[in-house]
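Order as written gives the chain letters A, B, C and D; numbering starts at 1 within each chain.
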């Protein structure tokens, strides 16, 4: 069965002392399900997975899988440097009851395409769950070529790809080259209508935390062939996406983007505290105020 | 007290089924100590730290700290993506009894220099041990500027730096800008004489696994001012360093380099098995043969 | 007036001794005009501008402007490292009678966004013609941000942008942020339908040399709102675009792409000789044969 | 004959309206010759070659070659994107009477190592003068590997290399691997003593414009084996090199570095006007004042 629709990477709310705020997390899950999403992706980049300790990752898995109770599939990121460490995360995720694993190519190490293939093949063979490749060159510093992804798909090592590379030419090559039932998901918040137009199956939008209804509506419009409405909804979301740039050059892109999602969730009353994990720079009051205005302009406050 | 001399990043021998081979690891430690090294660095890049599970990291720490029994200081790499995960590794390393921590800047995330400062300050404040910055742009995709390193040194957050950036101009800026007792170590195997000439305190050579006597001799020559002899020894080691290129373009740089060190240790009878962790591509017989010839040419077989 | 439609970057046919083959160039222009293109772009990357001497650039300008005789607008690339050198090319192009200039950000030098702004403002002020920014990070190693482009557009320094960055999120930000009559053109051959869907005004497809009818048809379908037909035509062109990968890893991407366009034009009988400028590696007979098969599959042979 | 010693890349003084200031340029040549340099390198990166029109490049060649009158060799940069354009510059330089050509790998294009070899071989075959490879990854975005350089040296296509990559391990590999009389020159201002220590033949220091006596003294100390004195002089020059960082993050690295050299030459009374070519951001009065203080601290004002 092919994974389709809106699958937001679930933010990880924290308490002021940087612990996972499970109550807020459960509320966020409710907010997403109420928004009409089709599945959840926990422990992705937008979940601050890179900042969570293994113990915190476990809390997130247990909280979300438990709270969702099987209403929708839950995918889990198993983000780590190499195969053995990824396999450890995969075991924990599988035991927690998730439906699929999302893994990047190796990073930190200097890796050959053959080694990337070995990596995904090993996770597929030993992970015990469908594996989705996560193409995120901005973090991993390797682009998964269409040829590599399609080859792994053809041999059954991959169930799908989450393409956050921003390279829609590459995305299209995978869409056109795949055999069913390989799932192609875009990770770009701002070109969902065109990705769906090309034949993508769904979207994994960080911004979907803030406005799940918006992405669900966009997807439904596209699914019923009302592309004009899909585009109008997409353009509204493009304007909302400006929240990730409010932090500007005084902080890293991770702080600015993840901080914006959490600030928006806090302003919308979904989570108790907008704090992001160390060493991220927090947004200040002025920046939070500008996020509030963008939310209001999008009809979300 | 300033850390000085030869501090090899200790390779992690493995059994054919990819478990830490503690007997071989103990023999490797003996080999290094017999070679005259001044301290040991476990869980660095040359230790395949990126490929070791947390359980394996613990085995390495316990094996080496236990086997060394305080003869020399043992530093531990606490390599992970961000501050909270690094702090977890730091706790384990501290409990194992190491003398210092070696941490990179955050990676995978998109980070601002202010956030790198927060990262190292937090590790220094909560790690409970001296912290050495590990400058490794090829893995971390961030270069630690001399200004950043010197600022953290001045405020006491860093005890030293291991510079594996290959940028000897930057290395010199740190050497000239530091106040004692900040320790400057080069991670480049092939410019140790010149780094010491500029005033560096020591070296962390991956190739030191294969030929610890060579690096110890190089360091002693430099320490007594016999620079001609230091250079001659360095040039011998430069020729030996060709082993890391034997794997060539059919594998990633990590496989080629780490595989070569392990193949050489195996050929020299120090470790039982030259296997490297997944997903690295293993060297084949022809390549291992060429490594043997380079070892012989360097007087090591 | 806003530039719209299909504006191919015209290849530069050469004789076997690497001179501009003006007869073939004229035939290529006829082939493109017969294909229904809306304007021509000479001296772009696909024209091998980086390989042409100044004298050859002049020959190309005179040949094409003369042969076109005002039937369609002709834009000229003024590709060089910095402002003063670009201004020299701009003077020559203006004297040749072109309608607009296409300039990249500075390259070779290490440049600040403020300096990129100064660069485009100076070309606009002194170039005497409308200026189109050419966003080509793969060559220039700088991405023009949407904010920078829109700022220059608002102050009248830019008449449009040719976006060959592959970043369709950025393309959309420019489309949504512009005020008429700023022209947004995609340089990506494989996402033209989606770029037009987002509101782009046209396309500058290197592959349009080989199949101008195809891109003209795609554009017409989109213009009349028949998006299904546009997509079908685009997908045919995506399959044809495989010709640029035939050269594979034994040559650089420039050789492979430009060589494929010229080989196809030669096979289709448009130009006399498929040679590419030095130091590019030529395609061999086997590779040319595979290009022939892809042309046949696309209905072009 | 092997090129050795101090070979500064000669800055290009300009009048306030951005023309080559030939009178200042002649004074700068006198200043350099009086400083004891061994040869001159015109039209290098520090000469703002990327910003000079072809006409200006010719003025520089004629002015310097004429003014030097054969007292020392003059090398000329032939910096451009690809082989045909480089050959045009080579012809002009040869006619002007220079002794050698300095060429980078192709840039702007995407190039394979085989194509880089073809590039240098063609320049060597058709340029009519000894060719020095200019390894400058920060501008060219390609690193010339030691293997590639040594291969071209062995076949006689290269007379030497100017290594501005900052990679002293690579520099050493070339030094150890070459057969006489291949000339190895470092382009790094701050590691000249160690490069000479490794066996380099000379240095091409941008900072040598400001303090030619310093680099000549450094070289003489090294040549007579007084390495302590060489190091002391080098360390003085390292402190002086801080002038290139005064412009900081408000401008590009080219503006900051080239602006600093010119400001210093102006403050020292060598050139009439410190202006740099467009689109570089000029240093302001405060920044110029700080450069003055660094000059004074180095004993140069």
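The definition used in the following text is that contacts are C-beta pairs under 8 Å (C-beta built on N, C-alpha and C of every residue); 3 or more make two chains touch, one makes a residue touch a chain.
Protein identities per chain, from UniProt: A, B, C, D = Dihydrodipicolinate synthase family protein.
Everything quoted here is computed from the prediction, not taken from an experiment.
When each chain is reduced to the average of its Cα atoms, A sits farthest from chain D. Look at where the CA atoms of chain A average out and do the same for chain C: the two points lie 35 Å apart. The centroid of the Cα atoms in chain A and the matching centroid in chain D are 48 Å apart.
Chains that are in contact with each other form these pairs: A-B, A-C, B-D, C-D.
Per the touch definition, chain A reaches chain C in the complex via residues 166-169, 172-173, 176, 188-191, 193-194, 197-198, 227, 231, 235, 238-239.
Contact residues of chain A toward chain B in the complex are 18, 50-54, 56, 79, 81-85, 87-88, 106-112, 114-116, 118-119, 122, 138-141, 250-255, 277-281.
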